[in-house]
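Same chain, two partners: chain A is paired with chain B first, then with chain C.
For the complex of A and B:
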């Protein structure tokens, strides 16, 4: 039925090797590096002979000298047109570097201060068996780790389904209330976290006479998580081409089955990102927990009945003691929280990247 | 090319009836019936009385896009819809399986009779209409989260049909779409890993798996290379054994190669209208309307 593909005669291409002519030559790389070196040498000298002083002055001078060097270099190589490009790329690199700086600094600080008090028992014991200023071999953050996992789980169980359904309402149903819902979700994402805590406190704990509990904490976190999940999921679902929806419907699927079988699976990794962002939004929240879970030194796994703990609150309460040993424990709490969030991210990514 | 010449040669002496008698073997029909247990078992009578458009109009909001189209699609035929861009042929195509209403602000008037019954009659289950009147889109759109095999069988899942033997159905549909030999060793690969032409034939196989009575094709070859185009056209010619095909195309050679009847649409800025419809050989050799002649000879459009 189909014609054979015609054969090509055998030819020897071994004399040609792959090249990348668009890459900078070693000489150009050396020249580029030398401008940085020159800037490094020049900036201390300039700081010495001008009124600019201190580390900040040094950094600013370095940036300025390196930028000017780059501009001159690109002008010499490619003429006037290249100047704008050179300025833009210099500032973009600088901005990227400036963003990385605080992130790296936070990681570095938390790790350096947090590892002192990190022991096996950090993960196996809670603080009911130890004084906060006791030796590091006693007590740990187990109650806070479990508390944080429980809170994130409760908040996710509430926010993920509601958030995704909200996103589906906005992108698939496009009902009459579309504009209103989108506005409310946006407004909700601006709610200060302490207000979310206060709301649950006044409704559930004062109003309904409930307990300080993991459930109350999870509810307050779900208020913060919902708009993040809904908005991110909406953006992702909007990217799914209309073609796919039409193909599903044209095959005799109802709208709901098309959404479940075609649209959502096509957006799966993006929806996982939405959930990750939601978890990231709430895992480190402290303020609403002050008003809803209160804090505890013992492990409470029942989310309904008693005050419980969470890593941010554990960190906060230990810091407040002002005791050196307790402050070291607090840094460890922060480190454990970071590791925990990292593990959750990696697990979520692995789950979404899985191919059949 | 020889295959194509045969098609053209055939067209003069095609009478729908003899074509039917030649093409449909009873074995083929019963084999179809054994594969899918359908809600209304159209497979036991794959060739209904056909599809008819009666005074079809279409609007997008206030824009009157299509006016008063009357066109019959007899069983066992391929009908090509040609005309310049914006003349309403795609819009008309989408009224035939109620995909038109998928666009916000869409409205329509008139009747579309499938086996004598108006598909716009109140109370009609629209998903069942789309099951009987399948569609292949301009851009290949395999479901990205599914494998090749899952793509072909997606319609069964979407419409919640039961297949007696999914493997047989899979192979049959891929054969009919002319894709089996190219993908039989990698049915578990993702649909997106195929070339554009293969993806489009995958979409045809997917549309065939739910055993439609009618297959609507909206410029199915506009994104394909000549080789893939030829394969899709071969596929279309084989389909008429059991499916009525309606194909929108900008390629007049394609219309001449694949279709038995051709309808010419035209718009002068107002709503698009059906200017002329006739057996394809007549449209291209001795069109009755001077505007049709001007278009098919390439003087405008």
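For the complex of A and C:
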């Protein structure tokens, strides 16, 4: 047996492509496709001659006909066993469609309806002089964009260091409370955003006699951002090989120098991903901001003194007015927010992809 | 290995370095700082509970357990001698109804999607579709609400009418009056789309841990893809799915803005999911916040505390379930 092994390895496998018995032959593909084509042709006819009506009827009939066609075909080819298999396949493909359809619809609607009221001044003006139901050439979302950036900055300044420290505690220090802290971080990620807002409201605005401000908003967002940063950073730090840590210690480094000069730099891009994911998590939060920054129509860049605005809140407040023009502006706010989240998402992908 | 066979004469060895068992000062400071950072989550969670409890203690003193069971939110009218009655019973029931509707819709779809990603897709497509699921989780809730109100609702009302027409004999699909807008059903639909990425990604993660040899064994015994999934994947992943579902439920219960936009708040318990009346603790806080007086504000804090505790319990349970899977899985 062992004598044959080198012989096997010496053979050139590149010439022999492995057989794939599960791969569909062109004939099978054609048969499968024909079921769908037949269903496509049959379903409008059935809708025409039966009392079923509308797009929903059409879709339901199509699914039904395609399933029945599939069942009959698989029964003819492979017998009773295959029937369950083909029904399951249909439903699983249906589930995938049901997930992807709303996503496509959301993107499509936000782009189409948001584009409607998008002007240059969306990015250059705020709403301090413009009426929310005025023409689109007046006013914009500048205050909300700046407000979101400010809130995200404050939230990051607070939760990024703490999040990374938490992750380091879980992966490097591994103290006695490791299990407890891991559990608490998970519990914290489940805290409803409105509760975070209520908490900051009760502490800062009722308790300390403060007022609605960007700082309060940033604090409430940092509560939501901390668990995301901590958990993602923990996952990344776990992937750093033990060898690196041991090498650092073997070279005479203290744990502190090993972590700062070896472990964290090795995990750098992953930590960047953690930060970006945290930012993406909180950039779209609305509920806590309702209770902490209140919203405003003018640009306020001092985080300590006055109510300010943010993109999700801008969208939400315009929507609450119920005026048609304001709702168009709300869609534009949603579009800008969506673009912001998309950029963050792509950045996170790029940062985590570079590592590999 | 290091037996002193080849050790040179005693005189040439440098004196042995002293072995220090205590950590250096820099390390002790480092570990102290990191540990402090690690305990921030404990402090924050404790402070949330503490502050909300201290602000709402007056409410629980005044209304007692009735705050949770009472179906009325009336701030009272001191001039006419009407005493305030605050209770979130209907809102709590409504929260459970909408989130359960959302979960019932999301669960089969998510499991189907996870199976689709793991067993029906070529690897290259699988990666990009997984990215779509991740992206879906990052869409802000206000956009879900906006879309749910303007795009989904007109369709959903039609579906609700059809459901009512053909299945109205089932008690919870009946309606008292033909008003189908802003119903728990529609809120549940929006919530289901919001929790699908959570349930899907957790289910998919569990499915990807199914040992390959068991799958191959099932195929070798002549299983079709579906019988393999039924016999191997689903039993293996069942508690992972349950944990993911619980996590989704917790997320659905705390959702505020999207539900606010697509649900008609009504202070009576309503189990007819197609009828335009429902409740949600989180949305109620937003609705009442702007106009709340001193007492009502305390009531909202108490409502927040109840929501906090409920979601904490659900999260705790779901983490337990998921953890149990990953242990028994190996």
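List of remarks:
The working rule: the second predicted complex is superposed on the first by the 240 of 356 C-alpha atoms of A that agree within 3 Å, B and C clash if a C-alpha of one lies under 4 Å from a C-alpha of the other, contacts with A are read in each partner's own complex, and residues count from 1 in each chain.
Heads up, the rule we're going with is that a residue touches a chain if its C-beta (ideal position, glycine included) is under 8 Å from a C-beta of that chain, and two chains touch if they have at least 3 such contacts.
As the structure is a prediction and not an experimental result, all values here were calculated from the model.
After overlaying the two complexes on the shared chain, residue contacts for A:302 are found with neither chain B nor chain C.
In the overlay built on the shared chain, the residue A:165 is in contact with chain C alone; chain B does not reach it. Legend: residue contacts after superposition of the two complexes on their common chain; A:254 is shown touching both chain B and chain C. Of the two partner chains placed by the overlay, neither chain B nor chain C lies in contact with A:124.
In the superposition on chain A, contact of A:100 is made with chain C only, not with chain B.
In the superposition on chain A, A:173 makes contact with chain C only, not with chain B. A count of residues in chain A touched by chain B and by chain C gives the higher number to C. Across the superposed pair, chain B and chain C both touch chain A at residues 254, 257.
Of all the residues in chain A, the ones that touch chain B in their complex are 1-3, 174, 241, 243-244, 246-254, 257-258, 261-262, 265-266, 268, 355-356. Chain B contributes residues 97, 99, 102, 104, 127-128, 130-131, 134-135, 137, 139, 141, 143-147, 154-155, 157-160, 178, 181, 188, 190, 203, 206-207, 210, 227, 231, 234 to its touches with chain A in the complex.
Those residues of chain A lying in contact with chain C across their complex are 54, 56, 78, 81-82, 84-85, 87-89, 91-96, 98-100, 102-103, 105-106, 109-110, 113, 161-162, 164-166, 168-170, 172-173, 175, 177, 180-181, 183-196, 198-199, 202-203, 206-207, 223, 226-227, 230, 254-257, 259, 280-281, 283-287, 290-291, 312, 315-316, 319, 330-331, 334, 337-338, 341-342, 344-345, 349. In the complex of the two chains, the chain C residues touching chain A come out as 23-24, 26-27, 29-31, 33-42, 44-45, 47-48, 51-52, 55, 108-113, 115-117, 120, 129, 131-136, 138-147, 150-152, 158-159, 162, 193, 196, 200, 224-227, 229, 247, 250-251, 253-257, 261, 282, 285-286, 289, 297, 300-301, 304, 307-308, 311-312, 314-316, 319.
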